[in-house]
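Chain lettering (A, B, C and D) follows the sequence in which the chains are written, and residue indices restart at 1 in each chain.
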Amino acid sequence: MPRVTERALSLPDLERLGAPVFEMRIRVYYEDTDAGGIVYYANWLRYFERARTDWLRTLGAEHRDLDARHGLLFVVRDLAVDYRAPARLDDELIVDVRVLEARRASMRLAQAARPAAGGDPLVVSSVRVAAIDRATGRATGLPKWLVERCQPMDGSR
Amino acid sequence: MPRVTERALSLPDLERLGAPVFEMRIRVYYEDTDAGGIVYYANWLRYFERARTDWLRTLGAEHRDLDARHGLLFVVRDLAVDYRAPARLDDELIVDVRVLEARRASMRLAQAARPAAGGDPLVVSSVRVAAIDRATGRATGLPKWLVERCQPMDGSR
Amino acid sequence: MPRVTERALSLPDLERLGAPVFEMRIRVYYEDTDAGGIVYYANWLRYFERARTDWLRTLGAEHRDLDARHGLLFVVRDLAVDYRAPARLDDELIVDVRVLEARRASMRLAQAARPAAGGDPLVVSSVRVAAIDRATGRATGLPKWLVERCQPMDGSR
Amino acid sequence: MPRVTERALSLPDLERLGAPVFEMRIRVYYEDTDAGGIVYYANWLRYFERARTDWLRTLGAEHRDLDARHGLLFVVRDLAVDYRAPARLDDELIVDVRVLEARRASMRLAQAARPAAGGDPLVVSSVRVAAIDRATGRATGLPKWLVERCQPMDGSR
């Protein structure tokens, strides 16, 4: 029997969050667009993951390394996305990462994409990331040193 | 200045919603998986859209037709996804559609994917879909006849 | 130093090849298209692989099974594609498989996609598939029983 | 009746071609890989197109601009790909462009991807690109000024 408890995923208020801990430029190519002439809705998640991955790399946490040494895979537990305005072919975007919460079990990030030329965010998301053991598929804590490096900065940054 | 109001996207309690209005079988191919050995998180959104598209087709609303005749494009306004368990290469899934709300401005759907062999939902989502005018990019109402055909079965919500 | 010998990949003359050993219906969704309004060129390769995978499944060769039992992965060694006409959103296609050659080391297939409603092939390809050992990444023969089941039918089918 | 004449697509000998006219760094993310742990074969075509697109941009030919001003879309007419070695998650690649031939009707490019850290090409391709009129879908010449800027450096081929 399907047993899914109703619950809410909240989208962050970016204004209160202070500056991102990471930003990345991403160009829109044909592969990203669809016949509507805009970036396909699922492909924003690819952009968000690129930014998360490169951010984690700056912290010393490279996916392949964590897998090879610890058998650890990052997985997305849940997400919420607000599509506010479209992006089009050849657009250049800035995709960022903000830390909302970092714990052993999981961390929650806010991520937004805005035009590189300036302007309001086009797409805003909240993503909860956890780690699993590749062999068993079960939840395993995030590495302690990584959690420490991911602490939210209370707007100090 | 980024101006994004905090707000919550709720995930539905599938048990209360009754049977789906549409179900579709989807097979997992290499293209859908990633190096973690599971379906890539963004690709579940591709599955959900296939089910929405085929469901709308059964109601007489084919994307290309709506575009050609009315210059109308469907867009996703927001979504929430709960990733409960992974799917793997060669798995066969059933992806469904439930109508939470259908109005002129937009409709909200609950969509879940479960193993075709039976079992709990692997991924559950809530998606708000609207329509825009292709020429202007502005919101335009969904066709009235379509909204009427999309009403939730029992009006319980 | 880059050392790539010039060589030719030939596209098959479908007329001489007789009927396909496998055919599969595939619908074009938004995810498959690009801002040009047509199926994105790389996505035809996804269609071709779906057809190869489902064909191999009918022969008793399921990817996940071959991986779990033999540590064997299929890989594409080379391919040639002729894009003759585009497909668009909501189109229904028939994607097929013809065996050009089946040996222990590799097999070569001809694959075409045509409109389900009838008409000439839109895209024609030739693909050479081999198997590698997952652990070492080295070439390993295709299973003997599979090679036997893949023999070209000399136009008898 | 399917009418496809057999013909050969040749892969270039990179050694004879001299230096590329364009190079681009590309990182491998989860989205690019599959359950085999390597870059999915179709996704190399996405990499090649990113390089073509950025190269054309340096020549003053931006896709969106050509579409808006001339109703002109680039399409791939045919391609051949030789997959020599795999790439994996987190790898950094250099993807290049070499001009084999540039004419009004179409241009043929050689493109290769190699590890950024050095080494032989992993994947080598030959791609013929043409332009169509968006409204009619019919072949239209490439812009004359663009063909002039795309000439192979030494005219040796």
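A few notes on this one:
Keep in mind that, in the parts below, contacts are C-beta pairs under 8 Å (C-beta built on N, C-alpha and C of every residue); 3 or more make two chains touch, one makes a residue touch a chain.
Source: prediction; values computed, not measured.
Over half of the residue numbers found at the chain C and chain D interface occur in both copies, marking it as a same-residue contact.
Each chain gets a centre from the mean of its Cα atoms; the one farthest from the centre of chain A is C. Of the two interfaces, B-D and A-B, the higher number of touching C-beta pairs belongs to A-B. Distance from the chain B centre to the chain D centre is 35 Å, each centre being the mean of its Cα atoms. If you average the CA atoms of chain A and of chain B, the two centres end up 21 Å from each other.
Counting partner chains per residue, chain B shows two or more touched chains at residues 30-31, 35-38, 42, 46, 49, 67, 88-89. Per the touch definition, chain B reaches chain C in the complex via residues 27, 29-31, 46, 49-50, 53-54, 57, 62-65, 67, 88-90.
Listed in rising order, the residues of chain A touching chain C in the complex are 30-31, 33-38, 40, 42, 88-89.
Residues 1-16, 36-38, 41-43, 45-46, 49, 73, 75-84, 86, 112, 114, 120-121, 124, 134, 137 of chain D touch chain C in their complex.
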